[in-house]
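After this come two complexes, each holding chain A, first together with chain B and then together with chain C.
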Partner chain A sequence: MMGQGRLAAWGIGLAALVALPFVYRDPYHLHILVLILIWSFAYTSWSMMGRFGLVSLGHGGFMGIGAYVTALLWNHLGLSPWVGIPVSMAAAGALALIVGYPCFRFRITGHYFVLVTLALSGIVLQVITATRDYTGGSLGYTPNRASGNRLLALQFDDKTTWYLIALAIWLFGIVVWHWVDRSMARHALEAISEDEDAAAAAGVDVTAEKLKITLLSALMTALAGAIYCQYQMFITPDTVSGIAVSLQMVFAAIVGGLFVSLGPTVGAIITILLAETLRIGFGTRAVGWDNLVYGVLLVLFIIFLPKGILGSVLDRLKPQRKVSPNS
Partner chain B sequence: MQAFLDVFDIYLLEAVINGILLGGVLALLALGLNLIFGVIDVTWICYAELVMIGMYAMYFMVQYYGVSYFIAAPFTILLVALLGAALHYLVIAPLLTAPPINQLLATGGVLFVLQSFATVAFGIDFRNLGIRLPVLAFGDMNFSYARLLSFVAALVGMVAVYLFMTRTFTGTAIRAISQDRQIMALMGVDTKRIYLITSALGGALAGLAACLLVLQYDVHPFVGLSFGPITFLICVLGGLGNFIGGFIASFVFAEIISLGGLFSDLEWGYVLAFAFFIVMMFIRPAGLLARRR
Partner chain C sequence: MLEVSGLVKRFGGFTAVNNVSFRVEQGEILGLIGPNGSGKSTIFNMLSGTLAPTSGSILFAGNEIAGLAPHRIINRGIGRTFQIPRPFRRLTIFENVALAGFYGQGRHSRVKAEEAAERSLAMVGLPIDRHASVDGLGAAGLKKLELAKALATAPKLLLADESLGGLDETEMDQAADMLRNIRDELGITIIWVEHIMGVLMRVVDRVMVLDHGEKISEGLPSAVASDPRVIEVYLGTDAETTQAAAAEARRRAGGQ
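Let's turn to the complex of A and B:
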């Protein structure tokens, strides 16, 4: 599958990424890199199911659960994030199964599926806002500073540590992406996205395959939310959950390219650099401008470049790829 | 104990009636979405944001320029209808042959644009019309005139759409297209024109809803998020494109929200509605009125 040259390129690239914080220590730039890596992981998680035509706008909900459950367990029960993160992932996974099972079992696809998941992320946002006695509502929430062991609390002050953690998480996401890409499930899911009935007739368990990828995607998204919370130490319902976050994931994945492993990463680089540039350029007047540009770009991309930047570039570079898919 | 029960019953009845009144406006929104979906086979994710823009239009006309409410309302409806037509012309029309999911995501982009446009242009303050309509006391129950007016206006709007669809040539063409998209073009119907008219009609319904909602709720750039998701749930529960199903589902959801809000916060009403929706998906996955296969 992967040529020696590409493997070597990945190795060199990774070594450079790991070495980076030891050579270059500008905290602001490292902060941007950490954000890019965490969001890349979230976008990659979304594209795991998005690439098979399972367009979910509920991932804002999963991310919100990941972030809030971890933080709530830490503040109210004193549970370490090392326990809290798996619990929050399990909660997001359970929700994904509860919503996903009837959807897939009863063939709720296309528009219907998008609207159901859209409502899901809207509802998670409502719950977080409604339980304001515990979550702080729309004012946001801050995990308590650890008094004892920092490792146990998963709270670090230096950017280098966080950079390495985010890098590891991001790499994990890419590895899982490739693992799915090479598995039988990928062929089954591609068949499902082409024609569900034909796939079922060919012996694919449609419901089970869809549930598996949805569960995987939801678990990873919750992890992204929890890590984001631990890094930023401040979350609001609007930054980690809700429809806006879901659409942001879709936007980044589509701009970067849905069908290539580094597409969502490219999307994250573009969106975050765009937001930061606007923020620095306009200052406080930038409120709203970044989303305005996002929205216009999203519409333009879907109309003119539906394969995304990286996808289109790769297509341009290798026009013969379609001819020999097994090379 | 008896006294407690009496009070409770009054509140319960009041909540039930308020739910019906809320259902009227929700039904109006669901009708607009269903119309667009049934005819063009597109879902406007940004539908609630069109309503938000309409609410701002009302606010500025009434508060800033001192236009009377009843004169401002037709202009708002016209404005949002034009927005709907523009949305179709600029975003949906180039994507008509693309996969349906792309059209839906493109309107998601429009959602971002409208929301952030409102943030940039109007700020994030909560604004209201400053019109306080009197409260109608009926026995021990209180109903606001705003809700009664909304309910009646929503019903009138829906009847008007019904008459338009059944009594005029264009309306008949719209219904025919929703049954078969390919054939109608061969029968000499200009589908592009019909799509544009349908989009404008959907926009006009959003505009009417905006005029009614602005009486009851404050407007801010994110107000669409508070009733957008519930509208989508209603449409899915009623069956996308199914007008009658959407109408019934609106009242079911409105009752759940209203009764849920009676016992706890309004947000929990929404949560209950969502839980109910999930349960219904197991029982009637293709919508309330779907025929059993």
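Let's turn to the complex of A and C:
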């Protein structure tokens, strides 16, 4: 249960976040904040299953499906994103079930699961690149500008609107995280991550529980992709899909902290500020440097700070706190 | 309550369980003994759904359960413990048991699951402390936790797998008494797999002996313990222990 104090802190923090764009209007800084919020939501979505040892490198695939399906339906069929986004989420969910069911049914776990999901990521990237007549291939894709109703097309020019949308989506992700955290399903998934046979002997339907969390995670990640596409109005296979995006999710979630709700958000702040600093500081000379830094940091964090930055800080602040997972 | 007929399990060319049939009556404690590799654990794994039988039938309360998934079998009322305790270390003791109470009883109500957890912990004699960590438990405590998890699933039939390994004599006696209490107070039928003959013989109603995957003897503890086939195959050189166990069983039977 959340204490009164924590609830109050959340309330004050949220009120400040909502008020922010009305008092501070620097478009570049708002842009960075929108990116942080959208990616935080994506990383939170990944951590929904990642925290239970279900390490997926396929989430770039789900994100790419969310972005591309929504944009393609809009450009080719004129379907509003209000319909396109649910369709893209359903597509990502279906793919998650198709890949997840055999994995879980036949006990593909650990490294083998990572490899299967890695392939998924690669396949989605290849499909987007190969169908370049429709998707623009590696040159990228732009949703058509709406001529009529902006709300129907989910296209807005001003940063404040996008900031509030991104904030709502981010908050939704945090709420879902807490909802799962307090559910019996969390206990079942912790048990599964330790010992599948023992979990089954306690009556847990191991395959079904894993599928449920995978489905939830994939749906949310597709939503993140679609929102990112609507905001940026330009997507390329490399920015919303593929292995690099998947690795970035793993990196951010682990660096921020997998076992606390705001961990992935801290991870997003770090990754995006890092990428922006490199871009501004070194310009085109630094293309790809962020991935190099991610890689090195990831190795260091897994060895020295497995709970991530936020997780470790919280542990320091409250040493008497109830034993947290993995300790 | 349980009727097993013609149960066979082959792993490749190796036959682990060969055409075993037996019945378990409501409210009894059946002991299952045999040397290492005799097929006891394989039979348990088939009864609990961890392994699917190669052939044969397992009727539980009149319904065929052979080959069902473990969680379905548990929801029908067969609980199990593992030979080596398998606690969930990321959860507290209470959460371990409440998890079994929730999922083992068909995921109905969290409140009921927590009540079941409290009852089960009390039954095995573990403290009902919601924040106690599994890491504080010793060998005996882990065995109790294993039993509490199985009880929380509200079984009609409990499969207890070698639950006394690693305990000292006092703890062994306590654990054996606990199994009897579970039967007497909760009316749960029990199949008990055990290496330690003496303790088992004084608690069980009937014994079944396996060797190389086949049933070689079945009956009252006193009769089985003096069965020459059992002495030869199962205990071999250690006949004195068998006779002591048989004498113990006779004494207990006479005393009751």
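Assorted remarks:
One rule holds in what follows: the second predicted complex is superposed on the first by the 321 of 327 C-alpha atoms of A that agree within 3 Å, B and C clash if a C-alpha of one lies under 4 Å from a C-alpha of the other, contacts with A are read in each partner's own complex, and residues count from 1 in each chain.
The criterion applied here is as follows: contacts are C-beta pairs under 8 Å (C-beta built on N, C-alpha and C of every residue); 3 or more make two chains touch, one makes a residue touch a chain.
Being a predicted model, the structure only gives us computed values, none of them experimental.
Annotation for the three-chain superposition on chain A: chain B and chain C fit side by side. Of the two partner chains, chain C is the only one touched by A:H187; chain B is not.
Once chain A of one complex is fitted onto chain A of the other, the partner contacts of A:L57 are limited to chain B, with no touch recorded for chain C. By the touch criterion defined above, A:S147 lies against neither chain B nor chain C after alignment on the C-alpha atoms of chain A. When the two structures are aligned on the shared chain, A:A200 is found in touch with chain C, with no touch to chain B. By the touch criterion defined above, A:Q4 lies against neither chain B nor chain C after alignment on the C-alpha atoms of chain A. After superposing the two complexes on chain A, the angle subtended at the C-alpha centre of chain A by the centres of chain B and chain C comes to 80 degrees, rounded to the nearest 10.
For chain A, the partner touching the most residues, choosing from chain B and chain C, is B. When the shared chain is aligned, chain B comes close enough to touch A:V250, but chain C does not.
Shared-chain residue A:V299: touches chain B; no touch with chain C.
Fitting both structures onto chain A leaves chain B and chain C with a minimum C-alpha separation of 6 Å.
Residue overlap on chain A between the chain B contacts of one complex and the chain C contacts of the other is empty.
The touching residues of chain C, when paired with chain A in their complex, are 48-50, 69-71, 74-75, 79-80, 82, 86-91, 95-96, 98-100, 102-107, 110, 113, 131, 133, 149-150, 153.
Residues of chain A that touch chain B in their complex: 53, 55, 57, 98-99, 102-103, 105-108, 110-112, 114-116, 118-120, 122-123, 125-127, 129-130, 242-244, 247, 250-251, 254, 287-292, 294-299, 302-303, 306.
Partner chain C is touched in their complex by these residues of chain A: 184, 187-188, 190-191, 193-195, 197-206, 322-323, 325-326.
Of all residues in chain B, those touching chain A in their complex are 37, 43, 45, 91, 94-95, 98, 100-102, 104-106, 108-120, 124, 221, 225, 228-230, 232-233, 235-236, 240, 265, 267-268, 270-271, 274, 277-278, 281-282, 285-286.
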